[in-house]
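Here come two complexes built around subunit A, the first alongside subunit B, the second alongside subunit C.
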Partner chain A sequence: MSENVSLVIVSHSPDVARGTADMVRQMVGDEVRVAHCGGNPDGGLGTDVQKILKAIDEVWSPRGVAILVDLGGAETNSEMAIELLPEERRAHVVLCNSPLVEGAIMAATEASGGSSLAEVRATAEELSPR
Partner chain B sequence: MSAFSDSASSAASRESARAEVRLHHEAGLHARPAVKLTKLAKKFASRIAMSTSDEGPWIDAKSIVKVMGAKTPRDSILHFHAEGADAGDAVQALVALVEQDFPDDG
Partner chain C sequence: MPMEAGLLKAMITTAAGRIIDSADELTALDSAIGDGDHGINMKRGCAEVLSQLDAIAAKPAGEALKAVGMALVMKVGGASGPLYGSLFMAMGKSVGLKPATLELLPEAFAAGIDAVAARGKSTAGEKTMLDVLVPTLETLRAGGPDLAARLRETAARAAAATIAMRATKGRAAFLGERSVGHMDPGARSSQIIVEALSSFLEERA
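Up next, the complex of A and B:
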């Protein structure tokens, strides 16, 4: 169990994505690797499949990668990114249906203890939006 | 130091331990202390339950969602109850974390 599940933060806003990743590092620590991406290729608000793929690659872990997203396009573009992954990696990347910031902290805390990808996702999703 | 009972029948067998400690952290068990407590609990193999009363309700101390969701206020008495091979060490470590006010790298 040398490696933990990693996280990818996807927001429409690069600032929100970076800030969320900073919160994870400061509140949970650096035993969970976190990549973040946000903004469309023109620099505006949005998300970009290629940036998401790059972020997944950056923190790739054989234990898996959990993706946390904010709204609409972040989800569909993340799903598209997962579909574009090499087949052997596809099953080890999941999208969490949870609020972005809260879910990221919960997922990272779970992952820091060496939990499986399914457990990390379940913990993030246990926190339902209120 | 808090009340601490520890009954190990034999080294490798099932052990049960309980302890309680006052939460003096200013803002209660808010986000960062909750993360630290959960992370520490996860380092032990034992099952660890936590409550603000020795009669429960008990929550899983390894569940960040439950621990943070409990919104435990300052001056609560935290009760820990662990069962497993490292139960004694687990409650001792958790009590120390709370007593030391959740130091960084705790």
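Up next, the complex of A and C:
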């Protein structure tokens, strides 16, 4: 299969989200598609379910989409977004429990080799505190 | 007793209005132990609900509750969006196509609380909105005379009880012991919503 798992970066800060995506692109290249979003619906710090849904759609891959988040609200809003996806997509989107920047780079590195969604998540989550 | 048309609309208007009026207080509580955005987030969500009010009120009660939940999910921004959104969406799902009656409230509220607990991976006793919602459900289930006054009293006591709790969920969990001594902002916003329900029950009594 030619297409790789894609990534979505969700941060409370649009700048952090953009910066993380930039780092992934520079370090891993363009083989992995990366979307990013941050900020609440008014543009302040926070996260936004609609923006997350749009980001998932933007980089949709039949191989799956891994979401990397920063803090609690980003996680809750991402879980909500996954539930709001069409049923046939829902099982192909996962949230990685890992630090945002490091997790994104590890996940992208794994994904660039053609790994499955489960492998991408497992690699990102190796960085999680146990 | 069946709810006459317009009653749910009045209820939503009261609850959303009170949250909007309390935005500064909620933000101050959240600044102490969270990230200081609870008031402004809830205000934005409730303003969205009010802006869709006519369309929401035109729906059957179950669908109206789901629409309230969806508006909160889409507009609140913080973790409280999916949490309060899940509460109302699950209540709407529980009511389904049944004609709205106050007798349905305990069952619907219980379904809403289950959804909040699942979404937040939390239970009562962890210094969250559940610490107000769960005792409120017990009082609702007990029913009986002076229900409105007892709901108000239960919610006030339950919100105050979060002051002494130590947070283990949400942003406040980072503070550990330092979260003790502050009321949980989510518990306070839940109390405000229960108070709106009480006022509403008193007015129609």
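Following the convention adopted for this analysis, the second predicted complex is superposed on the first by the 128 of 130 C-alpha atoms of A that agree within 3 Å, B and C clash if a C-alpha of one lies under 4 Å from a C-alpha of the other, contacts with A are read in each partner's own complex, and residues count from 1 in each chain.
Everything that follows uses one rule, which is that a residue touches a chain if its C-beta (ideal position, glycine included) is under 8 Å from a C-beta of that chain, and two chains touch if they have at least 3 such contacts.
Remember, it's a predicted structure, so these values are computed and weren't measured experimentally.
Superimposing the complexes on subunit A yields a three-chain arrangement in which subunit B and subunit C fit side by side. After superposition on the shared chain, subunit A has more residues touched by C, the comparison being subunit B against subunit C. Shared-chain residue A:99: touches no atom of subunit B or subunit C.
Contacts of A:50 after superposition: subunit C is touched, whereas subunit B is not reached. In the superposed model, A:64 makes contact with neither subunit B nor subunit C.
Once the two complexes are laid on top of each other via chain A, the angle at subunit A between subunit B and subunit C, using C-alpha centres, comes to 150°, given in steps of 10. Contacts of A:38 after superposition: neither subunit B nor subunit C is touched. Legend: residue contacts after superposition of the two complexes on their common chain; A:112 is shown touching subunit B, with no touch to subunit C. When both complexes are overlaid on chain A, the residue A:127 reaches subunit B alone and has no touch with subunit C. Put simply, subunit B and subunit C get as close as 26 Å, counting only Cα atoms, in the superposed view.
Put simply, subunit A touches subunit C in their complex at residues 40-42, 44-50, 71-73, 75-77, 79-80, 84.
Subunit C meets subunit A in the complex at residues 35, 37, 40-41, 44, 73-75, 77-83, 85-86, 119-120, 170-171.
Within the complex, the subunit B residues that touch subunit A are 31-32, 35, 38-39, 42-43, 62-65, 68-69.
By the touch criterion stated above, subunit A contacts subunit B in their complex at residues 27-29, 105-106, 109-110, 112-115, 123, 126-127.
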